[in-house]
Each structure stands twice: as structure tokens, then as C-alpha cells.
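For clarity, chains are labelled A, B and C in written order, and residue numbers in each chain start from 1.
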Amino acid sequence: MSDIQFDARGHLKHLLTLEGVGRQTLLNLLDRADSFRVIPGEAPRRHTWLAGRTVANLFFEPSTRTRASFELAARRLGADVLNLDIAASSTVKGESLQDTLYTLEAMNVDVFVVRHKDEGVQALMASHAAPHVHVLNAGEAHVSHPTQGLLDAFTIRRHKKDFTQLSVAIVGDIKHSRVARSAVRALVTLGTRDIRLAGPKSLLPKKGDLHGEFCTDADEAVAGADVVMMLRIQKERMQKAAVPSAAAYFKRYGLDMRRLKRAKPGAIVLHPGPMNRGIEIAPEVADGPQSVIREQVTNGVAVRMAVLQSFYT
Amino acid sequence: MSDIQFDARGHLKHLLTLEGVGRQTLLNLLDRADSFRVIPGEAPRRHTWLAGRTVANLFFEPSTRTRASFELAARRLGADVLNLDIAASSTVKGESLQDTLYTLEAMNVDVFVVRHKDEGVQALMASHAAPHVHVLNAGEAHVSHPTQGLLDAFTIRRHKKDFTQLSVAIVGDIKHSRVARSAVRALVTLGTRDIRLAGPKSLLPKKGDLHGEFCTDADEAVAGADVVMMLRIQKERMQKAAVPSAAAYFKRYGLDMRRLKRAKPGAIVLHPGPMNRGIEIAPEVADGPQSVIREQVTNGVAVRMAVLQSFYT
Amino acid sequence: MSDIQFDARGHLKHLLTLEGVGRQTLLNLLDRADSFRVIPGEAPRRHTWLAGRTVANLFFEPSTRTRASFELAARRLGADVLNLDIAASSTVKGESLQDTLYTLEAMNVDVFVVRHKDEGVQALMASHAAPHVHVLNAGEAHVSHPTQGLLDAFTIRRHKKDFTQLSVAIVGDIKHSRVARSAVRALVTLGTRDIRLAGPKSLLPKKGDLHGEFCTDADEAVAGADVVMMLRIQKERMQKAAVPSAAAYFKRYGLDMRRLKRAKPGAIVLHPGPMNRGIEIAPEVADGPQSVIREQVTNGVAVRMAVLQSFYT
């Protein structure tokens, strides 16, 4: 699966997953992203790395924030962006995914940013893509969300210098979370050993599915952590996890000031958004001094620019 | 409410309402707009006032014309434009309005153009916005539509020199009209004293809600007017107003040639669009020599450019 | 109908239909398109022929591929593009088509690319358009799809030199096909005499409706052909045509390797897309060496650029 990501020289050709992406490649992407970071309020510089290139956003799952982030990243590199509303058009007529790829390739689309609720769609597209075409995974089932993993690593690196010495707690619906999977992958590659994955028993993955220590006690997971990453919980999932209410979930797994105090002083708090305030995270934590949640969004654009630029350098 | 519109130096920072916007500020915006007017058929000049800036169109209420007008205004100033389909995305996931603001700010969105059916959304966003961010009201409940008020004033000024000597008739569903409210506000600020507001009794607002003389007789309102502004009527509203049919409404409140003859010779006719031809306005009036309805649309782009540019000069 | 397409000097002002467009005008457009062809993988040059111009995509019928093709064509010529989601907006409020035209004209939209399921919409818009405005038909009922006809002719010319010596078979639902109508029109104008139109009896048009020899036997139609154009079949139409199943349709009218062998060696295969693989065309034909289906898509952008550029030279 991950081999098709690389060209013969070992350069990243597609970004489908962080599995198999080595430490040096990861660090190079984070370094590139550093150069693209813009302080909110400043007008971002307009680059020309992708001038004349066309990036298509193929979002089979709707997402304002991720689509906007990729759109701005591509435009700030000088690319043309094509937003394709998939539900409303070709799928209506029953065209196959493969033919949608071939058609857009034939119109000189060079990069496909793809989000899909099913597993393997991005890899399938990459395996059929023309040699010059790049596929970028913008969210795949519960499996993978590599640019999210990169932005999490990037954000952590800006605040905590040494990945190998970090304790990271990830709390929530680990089982269904592509965010957790990609973050854990990035952290492991960067040398982090102490990763705690906490959530209701039925929302923990199978042993061996992802690296880390599983537990059902959020207090225990957060204790002494340098980084606390909260995940979004869906109401349907709460019910299946036999958590009777949002209030009960918040009490057992939500991050409030009291629980955050168990972490190391200076611990940072991440959340991929969109947040359910008062369910998985208290507003005073989300907006508090330890939160780097908004910075994650800023860094997301920079990281996506880095990946796109890496395809053309 | 209106104070948050201005920065410490008294410059317009957001445009939420025309309430509290002084005569000189209004006139300055109209003067700016003069420089942006383009004759249809000519290629508009590409400006760079907003180069590197990102304008997000957040339309919670759909609107082809207003969205297109803002999109073209922003692009002709050199901005990047992000169109966000709100119904289809983050609200689905239940993200709060505030978090949508924070997220887009973190992606370096600089200006939010917001249309919403509820009152106060734009002010709420402005009150939470980062210091460098501008919020522009593109239609708020029945309360306010400030760029519409500006374009109406701009259009009137191009044809009628002295606002203080004008008689203006506004006819239709005054009660629910943000267009009427913003137009009246602009006219009053510019010195117009004779404003007549006509419509079915149940579609007139409460006394004191907006400035002007109320009446239920359209003929009386139009008599001797320099400016006649017709409002869009919704079918549901007609029924509640006990107007039995579109034909009955047209007879009592629609503007046909006969009724227009009661106005001053050379009176101009405005309508914010989209028009219900044959209901509130006769086609021969809408397309006739006294109509400035299409010019209003052209002026709308210029006025929106003026407001956007004013944020960056 | 077709006369309003030309200005006083006989230049193409709108493109509504290929009816009435002469051989030299057609060939000039194909020659122009030659200069715009880009090899997939290369970054298309950015032209400035339409700099400062605004092209509005008014798609009343959804279509990913055609909308994307026009959008890229317009942008690669330097135009601003406005995508208008018609279903969701002004039609909701009941604005007439004519007022939508006037409104967008007043915002300095210069070119309207219009797709509609009803006949005559594009001609109606052209007849009301301002003198400087151009209307481009992007698909009209079952009647006309002129840029598709042009791209088919363009694609055929790249592979087969002399139109007058060609045998062309078009197979499928001829009756409801705007693609077939526009292709036949282009071919006849360019001198092709041997055109065979094959499909189930109930899906053939009335005699005289379009030029060519009608038959119900696909094998017969394909025999000795230089060009085989397959049409998309809709399931609803199959049923009305008393074809019991997709498999039965494929057997009788689908293009597989066996049937293609009846054509001339070196015959090329066209399909307007989106394809129903295994229903009207076998995958090994669609992806085989005689297929020019993906090239048609590439040529579609070039041909649309040619038409747009011709309006401004």
C-alpha cells in the first residue's frame, strides 16, 4: 500500500498514509512547512511553485475546514483549484471513480486531493494515476489522515523540542479515529515511546491495531503528559459505548481544567476540530493558554503547502 | 451594537449596520465607489488593494446575486475568495459559529462576508473577531443590509443631486424588509426628510421602528415622489396581510405606468431584486426609462469594492 | 435561430448550435484549438485573451466534467469564472431567467456558459443579451451541444485526415442525444457523407430529423467504419426501448472487441462520457489502443478555449 507513495528515487509521489514514511522524510516536510507559516493577520506571500498546475478537491465527504485549508494551500502556491461537488454530479450519472480520475487527468489536473468515507479509495486512484499525477489523502475512512498527522507533529515540535522524551495522551473514540492513527504513526516514526490511548472500552481499537498503551481511565492517561490530544466524539458512538449522556461522557473523558492539571505543567492541548465544546473539551481549556488548537489550523495550511510543494521540487 | 464597527481612530472596521455611521463617512464611501464604477461591457480594472488577502463568503442564506456581487468585488480588488457552503458542511457536524470564525481566522481569512436569517450573527462574529479581521454584513434577518442601503444611496445620488430636497416613497412589505431599513437609515443620515413608507397595514412596522411617514395607500405615497423604491413581496406574506391574490396586490401596491405617473416627472424607480414581475412591479416599469434597477446592480459591486477597500486604506 | 449567432460582419457572437455555422468558420475554430492543446502532465500556458473578463457558468443541469472543462478553459485564457449553483439560489426566489441575465450583465459578466434541460433557453438568453455579451451553449435538452460536436470533429481530424472520405458509425440512443445531433451537424458541414446511426428502433429519431442512414443493427453500422462513436444509454430509456437488461443491450449494441473488429483496421472509438462500462462499451475497448476517449476530454478544453478566444479577437 505505502510503496506506491514513492517514486524510483524514493521521493514522495503521493501522500496516502504516514505508514512507511521515514523519519528524515517527515522531518523534511516539517522543515518545509516552517517556511510557509504565516502569522494570522499578515498577508501570506504568493508563491509560484505550482503556477500553471491544477489541483482538484474531490471531497466525497463534506468538510468546510479541510477543503478550505487545501484550497488556500494550493492557491498560495500559485495553483488553480477546482472544487468538485461529487454528490451532485458525476456519481449521479454513475461514472466510475477511475473514469473520473481519467477525465480530470485529461483536463490537465495534476493533483487530486481526495476525502472519502471508504478505505482504499486514495490508493486505488494513485495506482491508476498517470505518472505525473499526485494523489493526496485528505481523510480516508477511519484509517488515515496523513496531513492531519503531519500538522499535529509540526505543532508539537514547535512547543516541545524532543519527540523521544515526550509523553502523549490521546483521549476519546480511538477506534474510529483516522486522526489518532495518523498522529500515532507520525509520533512513533519521530521517536516518541510513551503514547497513551484512552477511551471507553468499546471505543478502543484491537490490540496491535495502533501503537500505544490502552486504558479506559482518562485521568490516568493524562497524568504527567506533555501533550494531550482530544478527539471528537459522535453522539451515535457514545450510545454504542453505553455512555448514557454527553454529560456523563464529559465527566469521564472530557478535558476540563481539573483533569488538565494532572498533565505536566506547560502541557499543550490539541484537538483536530470541529470541537464539541462541553462534551469532549471544556471551553476554558479550548480557549485557554495551554490550547494550541487554533495554531493547529494555521499549521495545517503550512503543512499542506509543504506536501504540495514537495511534489514539484 | 454600532460602536464595535469603528476602531479607536473612528475608522470603519466592520460594516454591520448603517446606524451610527455618520454623514461624512457615508459620503466618503460613495466617493470611493465612484472610482470603481465600470460600464458594463468594459473589462474592469484589476486592483491590488486586497492582494494577498482572503475574503470568505459565509452565506447561511442562499443568494446568487449578493454572493456573486461580493465575490466579484473582492476579486476585482485582488483578494482571494473562499465560498463556503454552510448548510452542507461544518454546521452538519455542529461546530459553533464562533469556532467557524476562529478556524477560518487561523487560516488567514481576513474578511468575513456574512448573510444570515437571524439577527445579531454578524455583530457576534465582529465581537469575537481578531483585531485585524473585518466583518461585513451581507444581509441580516429583517434588520439590516448596509451595502444595499449604500448602493441605493449611491444610485440616487447619481440621478438626484440634493438629498435634503428629495421625496422618497418605499412601497411594499416594509415590516420585514432589511432593504427598507438600511435605505431609510442612509437617506436620513444624508438629510432626506420626506420619506413615505407604504404597504398593507399588517406589513407596516411599529411606529418609531423606522423613520418616515406610514400609509396604506400607494397612490398617495408615490404622489410627487422623486424616488420610488419597490420592495419584493413574498407570497406567504401576502396571505397573512389578507391580500387575496397576486393580482389584488399588484392593483393596490404594484407599480405600473399609471401609478408611476403620479410621481414627479423624471422620478427614478428602484428595486433590490429579485423582482416579481407583475406582482410588485409591471414589466414596462422595470424595463422602462425611469428604472435604475440594473444600474443598482452595477453600483452594488462598486459600493462593495469601496467598503472592502476602505478596510485597507 | 442560428442567425443571432453572428454579428453584422458574420463573426460568431454566440455559440448556440452548429446549424448554420459554415465550413470555414468550423475549420478556423479547429485551427485555433490546435494552438491550445496541451499534453497532460505539462503545465498549460496562461493566456491573457480574456483578462479582465468574467465568465459565468450557469448550469441548470449538473455536470462535473463539462463545468470543469469550461471553467479550466476560461481560466487558462485569463478570465474570472463565476460558478452559479442555480438550483440552490435565485430560482428558489423565482427570479426569471431574463432577470438573472440582466443582473449578471450588470455585474460585468461578459460570457454566459449555459446548460439547461429545456430547449431554447440559450437562444432566449442570446436574444435578450447586451451587445457585448456572449452566450455559449453547454448542453441544451436533446437538441444541441455544439462544443461537444466541435471536440468530436477536432479529435477525428487529428486521426483521420479527409472528412469527405470517412465512414462514421454512431451507436446508441440517437433519439435523445444532443451529442449525436451536434456531431452529425459538424461532420456534414465538413463533408462527411457516410454516417450510420444505429440503435433500438424506438431510440432512433424521426426520418429527416438528422442526417445519416438509420439502422437497428449495430454490426451492420460498424462494418467498415473509420470512426465509431458510442453514446451513453440511460437505464430508463433501455426499458422503454424494450431492451430487457443491461446485458441484453450490451450484446446488441455495446462495443466489444469482436464488434470493433468489423470496423476498418485503425478505426477510432469515441464516447462523450461519462461511460457505462459493460453496458454500451467494453472496458477493453474503452481503454484499448483504438480508443480516443480520454483525448476527447483533453481536446474539449482546447476547443472551448478556441470558442472563447474567438469572441475576443
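Heads up, the rule we're going with is that a residue touches a chain if its C-beta (ideal position, glycine included) is under 8 Å from a C-beta of that chain, and two chains touch if they have at least 3 such contacts.
As the structure is a prediction and not an experimental result, all values here were calculated from the model.
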Notebook entry, point to check: Residue numbers at the chain B-chain C interface: does the shared fraction exceed half, giving same, or fall under half, giving different?
Noted result: different
Check: Turning chain A onto chain C with a C-alpha fit: angle in degrees, nearest 5?
Finding: 120
Checklist line | Distance from chain C to chain B - Cα centre to Cα centre, in angstrom | finding: 41
Next item on the list: Check each residue of chain C and list the ones that touch at least two other chains.
Entry: none
Check: In their complex, what parts of chain A are in touch with chain C?
Finding: 51-54, 56, 80, 82, 84-86, 88-90, 92-96, 99-100, 102-108, 110, 130-133
Checklist line | Of chain B, residues touching chain C in the complex | finding: 38, 40-46, 62-65, 67-69, 71-72, 75, 232, 273-277, 294-298, 300-301
